[in-house]
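Per-chain residue numbering starts at 1, and chain names A, B, C and D are given in the order in which the chains are listed.
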């Protein structure tokens, strides 16, 4: 079940999506975190953020809106309080970062490069729930700039996380790849809204939120498929993965690994069940390695990408 | 329950969405079509189109993908075979058109202006299932050009139907409004994909399809909300409406009327149930008129739009 | 659409289910179908098409009728149905589509069913068993009535499946006075091989083909083979086809079946020579010669 | 998460339901909750939080335990649950969160419940009825034991609702040997008015406040009023709060409750003075003084 992504060898292709797995500690009572392919923690920012006012959650058919607003303890406390536990695991840790400026992204990346136990950096240029959060990820030039500056600031693998709220995701993906991304995570949430019929006001105080869950899966699979055909950079597929079969869909569309997000809320064992489901699929269809699935749905004429990627310097 | 949209007075705000109601005849055995606010027929093109190869339908959580490919009899046969029946109804008929070029859009509009019984034209610049179908609706300049030329070609009300597959729908909406649109329909389907786990190929032969149904409702409501705050043009809300409450959400977000699409497939009586549901909501919450709901969720500071619109020349 | 209730559910080893729904009065042609979905579910989202096996007029505590469908456990839709309990609500729309056409000239119906294709064929056998065989005057001369003066048509059924578990409804067919021939791929019951082989062998023994019509339902490949045999023996053949459906009544245009174009159509179509019919509205029973296999 | 089965469902006029699930052995603190959702449904998509009313150790045919919840029909989630039949499967996660804190110093629990806020308060009354009252040595001196040497705490319950239909579980409370005071807004039973008025009146009659703790659950406005009364009378008060939850165990950060910041926190937070706690993990029972009402 091993895969390599952004030069990081993973036991298996199942990761946890940022913001849906806390800092891992909540889940350690449910299963052995060392069984995961990788852990991605909630976005870390330069300063602590209290997050948005409640309610922050609204249910939608087959999905949910969230407007957490990047609540987090900030990079200082993250390194002091959260990293020590995560470092005890054998599972690679990817730290998801968001900055308010190109420089802040680079500064965050630098701070993490000096820390022990960080295997790579996921660059969140696509959070729809903070003022300006989407700007970087919806403009190819800004995407390029952010990724470039993070790339230059750290020897760690750099994995930009792309926004689905764009006319053409391949343009953004190309910009990120050109800027030196080692892998691409896609997708983040789609901007949506629910209106409360009693108060006749948006359910979420900030009006809109990020849509996640099975409802968005077809959109996410499509974007992975599109991007897989235009860049060689390995892809981490995200969006509505509830079962092993859902994950296999992403692999077939061209993802090398996947992240489980919203499913964690419905069942904290979801990542383990997704992993078991992928294994069953491999057995049932007689595949020797999970890598054989990667991009298998893409016609060979258009399959431009190889899932073997030039290795990057490892985390210290 | 009366509303006026694009200068067309409607008995009520419930229409049928293009491509989900055939040419009306299939539904006439289920209910009295005169009870509808308006009927919108399947997109009509200049020449007959056989449509895409099957399978054309794939199920998704809370929704479906379709890749019909604008199968239709063409404008000649539409006028000859389909219009006569539709003309017998008292319900206004909006004809949805798609052209391959700016000129073809204008030509189609001209042909319809000369026909009797057409109340308005919905301009489909957003079909994701034909080569080039999306181009007009994802580029504000092309949107402007198409809408402008249709506007100049016909005295009928012109209602562009916008695509959700864009970074910023307000940019497209502004372009359409500037070009003289009398109302805006939004949204069309979101591009999505499902991969078959047995064949390991996309379920639909064209790989991608258009996602519709409740899964996309939060995205559609958000786009109506965004557009309602930047243009004065009345909006027709579309996307995942299954019940009266769903329709009310669109009205509160700023739509003056709504269209019922995918719900027709699950229950041919859906439009009637949606209408009854809106009526119940009005009664329960003591509203005298459905127009009182329009945009009620938008804070008054930002409520730039009035739902009373300068009347346009009526259909002959 | 009516909201009906599950009345009963019966499982047949290993993965076949007979499900009954209470319903309003409903009359149907064999080959017609209903769209069915557990009420209120969003995953599966779309209703599924099931051939009407039969409608019973027996009165039960709710009064009225009972619609029966027979299905195989395949994916989400059938699984969701198979988990329902009596009293659970189901959205049901139908009868829909065009069933098998039974012309007055029919004397012997050759039913060919593969696997879960059996329900419409059983429905036809039962209908033929019930209905009297009356010839219209104009056709009387042409028809060579081989069955006795009992006024019934002869029904010969060819039923195939992978194993003995997959040859279904044999009792129903025999009750409907059909002569039943069975084939299984593994030879666990009946002829070892394909059901089309049985059909072909049978046709070779027939001296007259008058009044014979083939009615088939099953996997696409089987139907194609049946159509070729029918063509070879010059026997009318009706096949019941499947397609991915969203609505079942002609609204979505999702369920197209590629058909052969007439010359007139080929001239009219300036852009393409493909032509489609709707499985749900023009079918699901089609004249086999129409299909662009 | 465990997949459990509905064991029984009991409706109380007009819209209240007592539902039992078979479960693995499960021990809980009053105030803790479970996340519950009918298995396999995508609409409602998220599980809902329900206070654990009680866990019965009675053995039934499945053996093991039964978890009971008590809920009001509100929207999608509760409707979906209320439609289940015995044997239907439910995803259940829990017990979750921090329940009410019962310090050894407690002598009299003043329970305040509004409408469907009653389950955790009943659970607490039943727990107090079961448990013996043993004082730790160190606190013995400080505590003024007013109840007799039976080793039980006194429980006084104030239960309010809109009408007599909405004052719930009175029998359960009385069985747990609580003294019960009732208020309804329409006066159809008990005091006409708000339950907080009863609490206030009761407190005015108390000569000593030692060992008294208020435990409250109900609508937000009621809890705020209770907190103000507690503050005025200088009585410790624990409130059980609600928030929109996606996970129930600290992963989504969706269920935040605004809390008052400590001075240290105010200094540390350079950007803002808002501070949140998680309802699911830090609560749902909170010290009322903590909350930024």
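Just so it is clear, a contact is a pair of C-beta atoms (placed from the backbone, for glycine too) under 8 Å apart; a residue touches a chain by one contact, two chains touch by 3 or more.
Values in this document were obtained by computation on a predicted structure and should not be read as measured data.
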| item | value |
| --- | --- |
| Pair of chains joined by more contacts [C-beta pairs], A-D or A-C | A-D |
| Whole-Å separation of chain centres (CA-atom averages), chain B against chain D | 48 |
| Centroid spacing, where centroids are CA-atom means, of chain A and chain D in whole angstrom | 37 |
| Distance between the centres, which are taken as Cα means, of chain D and chain C, whole angstrom | 58 |
| Numbers and ranges of chain B residues touching at least 2 other chains | 60-63, 213-214 |
| Contacts with two or more other chains, residues of chain C listed in rising order | 42-43 |
| Chain-level touch network, classified as line, ring, star, complete or other | complete |
| Parts of chain B lying in touch with chain A, wherever the complex brings them together | 60-63, 65, 138, 165-168, 190-195, 197, 200-202, 207-208, 211, 213-219, 221-222, 225, 240, 245, 248-249, 252-253, 281, 293, 296-297 |
| Residues on chain C engaged by chain D in the complex (per definition of touch) | 40-43, 85, 87-88 |
| Complex interface listing, chain D residues touching chain A | 1, 37, 42-47, 76, 91, 93, 243-247, 249-258, 268-272, 274-276, 281 |
| Complex contacts: residues of chain D adjacent to chain B | 42-43 |
| Partner chain D, residues of chain B touching it in the complex | 61-62, 214 |
